[in-house]
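Here it is, the structure, as structure tokens.
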Amino acid sequence: MTQTRAPMQDEERIARRAALELRPGMLVNLGIGLPTLVPQFLPADVDVLFHSENGFVGMGPALEDGTPDHDIIDAGGRACTIIKGGAFFDSLLSFAIVRGGHLDLAVLGAFEVSIKGDLANWKIPGRLTPGMGGGMELAQKANQVLVVTRHLDKKGRPKIVRECSLPLTARHCVDTVITERAVFRRRDGALALISVHPDHTIDSVLEGIEVPMRVIEPLQSWDQPPESPEGVGA
Amino acid sequence: MTQTRAPMQDEERIARRAALELRPGMLVNLGIGLPTLVPQFLPADVDVLFHSENGFVGMGPALEDGTPDHDIIDAGGRACTIIKGGAFFDSLLSFAIVRGGHLDLAVLGAFEVSIKGDLANWKIPGRLTPGMGGGMELAQKANQVLVVTRHLDKKGRPKIVRECSLPLTARHCVDTVITERAVFRRRDGALALISVHPDHTIDSVLEGIEVPMRVIEPLQSWDQPPESPEGVGA
Amino acid sequence: MIDRTVPIDAAVSRFIRSGSVIMVGGFGRGGVPFTILEHLADHADAFADLTLIKNDASEPHLGIGPLLRAGMVKKLIATHIGLNPEFIGQMNRGEVECELVPQGIFAERIRAGGAGIPALLTDIGVDTEAAAGKPSVRLDGETYLVERALRGDVALVCADRVDRTGNAWWRGSNRNMCVVMATACARVIVEGKQIVEAGAIQPEDVQLPGVFVDAVVQAQPRRHMRTEAPA
Amino acid sequence: MIDRTVPIDAAVSRFIRSGSVIMVGGFGRGGVPFTILEHLADHADAFADLTLIKNDASEPHLGIGPLLRAGMVKKLIATHIGLNPEFIGQMNRGEVECELVPQGIFAERIRAGGAGIPALLTDIGVDTEAAAGKPSVRLDGETYLVERALRGDVALVCADRVDRTGNAWWRGSNRNMCVVMATACARVIVEGKQIVEAGAIQPEDVQLPGVFVDAVVQAQPRRHMRTEAPA
């Protein structure tokens, strides 16, 4: 929940847009990295509860005076706080909350997302093996999964692909993808383009994506929040 | 842990003898009824910890002034206390303690015990169906199972039988049986007579038991405690 | 944080229907939501064909006893019914269905329901009536029963202390099945002996986090303390 | 009540051997038994072929990092190793075995080990590498993995407060895997930041009952606080 550095421009844009997806009453888990930038862009009146899989609900930002409390850390290991009404528990109950269907939204990073919503974000064989941590449970069992990611990987290829080439985290799990260029939502089993950032065009968004992508027109404006799903709220 | 009535002579004799089986450092669970009479006959210097399956370790006797605390009850529903160093928990952890092998001794009642140590104590079809409660876990998973029971049932038949006719609680689980007449221990897979109360003889103990019973001679004196098993202690 | 306190009739009418599968906390008298159960018994005509999941069958005049007596319950899943001879009579006459489950496995099946685990393996009850009708599997040369998860539509529990957002704390041996049941039901009503402000329970000491809770209602003195001794 | 406090060298020499399967509490730095781990690293010659079960691989200079670096470990079962590039290198070179498990299932398998449950069914990880080599079963038309219990010879955890009999309490997010690991090992050593008298922790608020605990040792200030920054 802290930010140790100012987000770069693209990341800030992604995090600002992602913050619109967090609706009042939601219980939300934030993955490591870019997802942790999201809460700072929430309006103060949006009452969202954050779940940290290492063992609490009610995660709050780091103390404003900068004094870290290392007994209250987020899943990325950074000191944060707990809000009034929050509760600590152990890893068992933490994942019972996830698998039991109580987590409304997981905000996760990605190496690759397939057009069908498969997610790969835990292993690049032979090169990078952070491990899945709690990512498989979050991807498979959160009621909604939001991926926030740079549009392109380090080699300049879109993160959205026909089929994931990397080991999967979970199949058919991603509901929404937000990049610095566009917003995609899974509709009828496949990701579709629903919004394009003003700096971009449909062409610049779809360039390099090697699978046909449905475009839902008219495109939504960049800052249009999602329709409130039914029954959200812990 | 409270006693609501003075035990009758036979019950007191059984409970006194059973108390010798509780060794320092043991974690012990007491079934409903006769087993709850045992602790009052423990010497004060024997440091035994009692487990109550409804959710705590460190069960102590009812308050001496008679003020019941109904928030601290034993598994039979009677108000008791918790000793310093005890801990409350929920039913899950309570039975994790049992199935996880931490319970040194369960003291249980019985309708029937077979010569091989099968126990029936939860159902008399069509007549009495209290339910098994936690009895199956206790019988199956306590490191030692001690049955305390009147020697004869209400029809005058010995409780020790060739095969249980009633629905089983668990097979091959009973290690020791103490009645007002005798002590039996399972040796090489079958109950054997090891001690006879001074009021009785081998003949009066074995009368009516319809299966051959090994007698381990010389018989132990009635008040001889068991050999300390290895590794007892939580 | 959401304030989940509501009047009892609002909570009951919103979450409970005829045919509901209801988990009821408590072991003996500890943790039993007496106020909600008395409310249900007072509206016996409104709720039929209930399935109750509770550790024990209470006593005839107490807890779920009046619901059983009034014929509101079609099935009880429990571990122990020995203190309710009336119910045993109903069961023996075939007027009500009763499934008896070993107590630790009862808790485990409910936990599985709450934790998104479809089933677990166990050797508890092998070779007994508790195994009847249950699939078994072989693993590493041993035979185990496959015990399926239990879930409910509504959990009713009584906590000693609950804050307005639903974080709850139990005293003594009152916790028993309450916490695990609250994880395993679509809706959860916590009856609080004492309702406190958010933050009043130290966050490390919360036994049930409010994210599992839908409604917090005020416990009332038990009926037999309010009026006469029960019939 | 038994006083379980002992000097650290007595606890370690009594319960830990070469070849031991050791569960180590902690997530990030919270709950990690740094004092015991530093003691083990200081006696690297005495302990070989260890199997460690820990949420994460720590950082190279911290926690289990020095044990991994010193080649004391033949296998690590973990959920996340991303902060220890040295270990990833060892693993990629085949110098050490590593089994990665989804975090919630990691906790469940340990719980099963502690709770006497041989295995549980889950759909977590179906159709992924996490399913490799695991048996699967069909139940109610769905495919589930059979996840087996994990048990250890010794659990090492750090609690914020522990009484002399082993009742333990964790502050903040330090609890994580500590409690469940302590239920799943033949022997348990609790390193206490603060050791208190029996009764000092309210019995309702005890997070790990002392019946699971074999030894209580005093946590020391971490090495990098005692001397220089780590290499």
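Going by the order they are written in, the chains are A, B, C and D; count residues from 1 in each one.
Criterion: a residue touches a chain if its C-beta (ideal position, glycine included) is under 8 Å from a C-beta of that chain, and two chains touch if they have at least 3 such contacts.
This one's a predicted model, so the numbers in the text were calculated from it and none came from an experiment.
Steps from chain A to chain B, taking the shortest chain of touch contacts, total 2.
Seen from the Cα centre of chain A, the chain whose own Cα centre is farthest off is B. Chain B and chain D have centres, each the mean of its CA atoms, that are 36 Å apart. In terms of their C-alpha centroids, the spacing between chain C and chain D amounts to 34 Å. For this pair, chain B with chain C, the centres built from the Cα atoms lie 29 Å apart.
Among all residues of chain B, those that touch two or more other chains are 56, 82, 88-89, 92, 95, 98-99, 141. Annotation for chain D: residues touching 2 or more other chains are 108, 111, 115-117, 123, 170-172, 175, 204, 207.
In this structure, the chains touch in the following pairs: A-C, A-D, B-C, B-D, C-D. The part of chain D that touches chain B in the complex is made up of residues 1-2, 111, 114-117, 163, 165, 167, 183-184, 198-199, 203-204, 206, 209-212. If you check the complex, the residues on chain C that touch chain B are 27-30, 55-56, 78-83, 88, 91-92, 100, 102-105, 107-108, 111, 123-125, 127-130, 160, 170-180, 207. Contacts from chain C toward chain D in the complex involve residues 108, 112, 115-123, 137, 139-140, 142, 144, 146, 148, 169-172, 175, 202, 204-205, 207. Those residues of chain B that touch chain C in the shared complex are 52-56, 69-73, 75-77, 82, 88-92, 94-95, 98-99, 123, 126, 128-137, 140-141, 167-171. On chain A, the positions that touch chain C within their shared complex are 25, 27, 47, 49, 51, 56-58, 82-89, 92-93, 95-102, 141, 233-234.
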